[in-house]
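Heads up: the structure comes next, in structure tokens.
Labels for the chains are A, B, C and D, by order of writing; each one numbers its residues from 1.
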Amino acid sequence: MINKIVQTMADAVAGIRDGAVVLLGGFGNIGQPHALLDGLIEQGAKDLTVVSNNAGVGRTGLARLLDLGRVRKIVCSYPRTADPVVFEELYRAGRIELEIVPQGTMAERIRAAGAGIPAFYTATAVGTKLAAGKEEREINGRKYLLEESLPGDVALVEAWEADRWGNLTYRSSGQNFNPIMATAAQLTIVQAQHVVDLGALDPEKVMTPGIYVNRVVHVPYGDPMVP
Amino acid sequence: MINKIVQTMADAVAGIRDGAVVLLGGFGNIGQPHALLDGLIEQGAKDLTVVSNNAGVGRTGLARLLDLGRVRKIVCSYPRTADPVVFEELYRAGRIELEIVPQGTMAERIRAAGAGIPAFYTATAVGTKLAAGKEEREINGRKYLLEESLPGDVALVEAWEADRWGNLTYRSSGQNFNPIMATAAQLTIVQAQHVVDLGALDPEKVMTPGIYVNRVVHVPYGDPMVP
Amino acid sequence: MSLFAACKPLSRNDMAERLARDIPEGWYVNLGIGAPLKVADYVPMEREVIFQSENGVLGMGPVPDPEKIDRWLINAGKQYVTLRPGGSYMHHADSFALIRGGHLDLCVLGAFQVAENGDIANWSMSDNDSAPAVGGAMDLAAGARQLWVIMDHQTKSGESRLVRRCSYPLTAIGAVTRVYTNLAVLDVTPDGFVVRDVVPGLTLEALQQVTDAPLRMAAKNS
Amino acid sequence: MSLFAACKPLSRNDMAERLARDIPEGWYVNLGIGAPLKVADYVPMEREVIFQSENGVLGMGPVPDPEKIDRWLINAGKQYVTLRPGGSYMHHADSFALIRGGHLDLCVLGAFQVAENGDIANWSMSDNDSAPAVGGAMDLAAGARQLWVIMDHQTKSGESRLVRRCSYPLTAIGAVTRVYTNLAVLDVTPDGFVVRDVVPGLTLEALQQVTDAPLRMAAKNS
């Protein structure tokens, strides 16, 4: 019997290696797997590359992982949030590498990694300083940049419901990067608010089929914090 | 008030021009917009390029459009179906052009057209005769082909439910090419089994948001024919 | 400044209202973070304009009553929003496929500078910016069918934001189609900025004096 | 043929059963149209193997009772199928993203020829084929982690289907990892075909006589 539900946080985050590329779901505070982040902090892996839309808020979660010196590089579109104090300190001190990627290009690069597309062309960022070092090509009269896929070793995902096959649903704007990150990593780890019986999810409402999921841990924390 | 529901088939298919590229949803008999095809036959546009997974069965629908000499070229992955008599006759007589595309490459080229991706790389068909004339490129040690997006002037789509904004759902394997074709055409025309009130569709179950849809016509025909 | 003695520059709210008037029913529109978000307040619900947020929300409604907040539903500025009947959700790749694919009728962004060739600079003040944050601005600017910019005509220190060439790092090239400032509405055309509309009491000459890029007047009834 | 006097080649059903034994629980598997589809009949429901069909069905169950057919639910061969609890649907781009992205543990295809370097030819009999039909075969062959081929060892006229180089148009290069024939099971390795298993009574020498490509025996307990 397939059963991807694990019983402890330690089991959920076991085996994340030093140097891993970690895809971290969430947009702002919504759909971000805070419990898995705490599990990763506890687990100890270091020298990480974190791919996340934002660069952490306050002193907890991703900010704490940064604060502990466990992140070598961050790939994100928007490091300037309401309270990015930890990231800014590290960045100014030259103690963390930053790769700024336009948000849509980041999303498409992650999707491409899951879809077996090693590279694609996009008009986003043509003529800007984020085009530096990228191949430019004219196709049908318009200029495009070549962008490579962005795969992860690990994806940390927050879902609303999950079953033992790893099928997932998400709640309203809690989807954001989670479904595409789930497809793009060697090891996809999910925290879910609700664990339901196999067959309980509407087959037309499953947003991430279990094929993309390795482990699910039940974390029924309720609504996201007010930031 | 936005209202994409049209009352007659003539209104639904109005304005399809000679020479148009028509994306035709469906896989086999499922999810294929037979009523819109009949509407297109009646409407009269000719010299069409049809993008469809299959090349028509028997003597009705797409096969009839072919039989009437209205199709200049067909882009498909699998012209050899149970009863492709019309297509085979035309093809052997040199009266129709055929572009064979691997099914997944066809799907991704259509998706790319809707997503503003003019071209992408894929390992599918490397080293085969379908790679002829395509750019080959090695990326991280593996060979890939460059494939261009495949946009349509018109998409003919079959949906299960629709509302006046053009939001759509599909039924089980009736999705197939329909959601991606809806994103990839200048003019997306939908036949829907059920027209429902705005707000009646679950926001998490809408598979094609109305932004991709221009016209919806109500065609409550019931279950697909047994082939 | 004597130039403005005879006229009253628009407030932020006035600018948003002015822009909102030009959005026809049925358009799909993304409003950037900050000043552009105000535009939604001036589009009446009965004129159905469908607002998108790049974090996967299509069909946003007004800000919720404080006691009715859904804490799972935010916009790109991380503010709580609502979903209208007919709205829907999607993931980030689908959301930016919609943006990049040219399906938005309009995006409204703020900017530091707009150039007469349609270049826009709105994400970074200098090449040495510590940790610049681009978000979805480049995708939106390159992807939407129309890009309207809403911004003050001049900086606080009196420099023109409508320029011949942007001096700040670019967000996109040749993307802007119209600019709404506190003094005027200007189209970006192959011939540069064309003035559609000025605030009452302001002459084209006076407007030109506070504008770096050359201006032309629109032909009547165009 | 005297070679086969001492042995009994496997039937189509036997081959499917033999292959099915090697699929572990938890694998995600695509079965090609035709002979490969039989494999599903020999995987017991209690061994949870999840079958995918490229038209957007993940978690296919057995063929439905005639009175319980859902006419909206077909497989890639256009046959009516069922969905298991835990199954789900997706559109064609997502379905082939799954295939192309290397997420299938296994694809099983039929073939005309398999070469010792893993090349497979299974879609077209000649370069002058009238209207050749490729379907999803190239995507599946290039995308799945493992590609197992199920086919007769020889053509009806007695030619070997396991060859040094394919003479028919290729479906994919270097993709096949194992072949199940009516006479043997063979791995495709960097050193060519390695025999894992032969039908009782057949010697390696006899198998080699009906095989164009050179064969090697697997090391014991490998």
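Simple rule for what comes next: contacts are C-beta pairs under 8 Å (C-beta built on N, C-alpha and C of every residue); 3 or more make two chains touch, one makes a residue touch a chain.
Only a predicted model underlies this, so the values are computations on that prediction, with no experimental measurement involved.
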| item | value |
| --- | --- |
| Of B-C and B-D, whichever chain pair has more C-beta contact pairs | B-D |
| Cα-centroid distance, chain A relative to chain D, in whole angstrom | 35 |
| Rounded Å distance, chain A centre to chain C centre (Cα mean) | 30 |
| Chain A, residues touching no fewer than two other chains | 108, 111, 115-117, 122-123, 170-172, 203-204, 207 |
| Residue list for chain D, restricted to those that touch at least two other chains | 83, 89-90, 96-97, 99-100, 143 |
| Full enumeration of touching chain pairs | A-B, A-C, A-D, B-C, B-D |
| Footprint of chain A on chain C - complex, ascending | 53-57, 70-74, 78, 83, 89-93, 95-97, 99-100, 119, 124, 127, 130-139, 142-143, 169-173 |
| Sites on chain A touched by chain C in the complex | 27-30, 55, 77-82, 84, 87-88, 91-92, 98, 100-105, 107-108, 110-111, 122-130, 170-180, 207, 223-224, 226-227 |
| Chain B to chain A touching residues, read off their complex | 108, 112, 115-123, 139-140, 142, 144, 148, 169-172, 202-205, 207 |
| Contact footprint of chain C on chain B as seen in their complex | 1-2, 111, 113-117, 163-165, 167, 183, 198-199, 201, 203-204, 206, 209-212 |
| Chain A-touching residues of chain D, taken from the complex the two chains share | 25-26, 28, 46, 48, 50, 52, 58-59, 83, 85-90, 96-104, 143 |
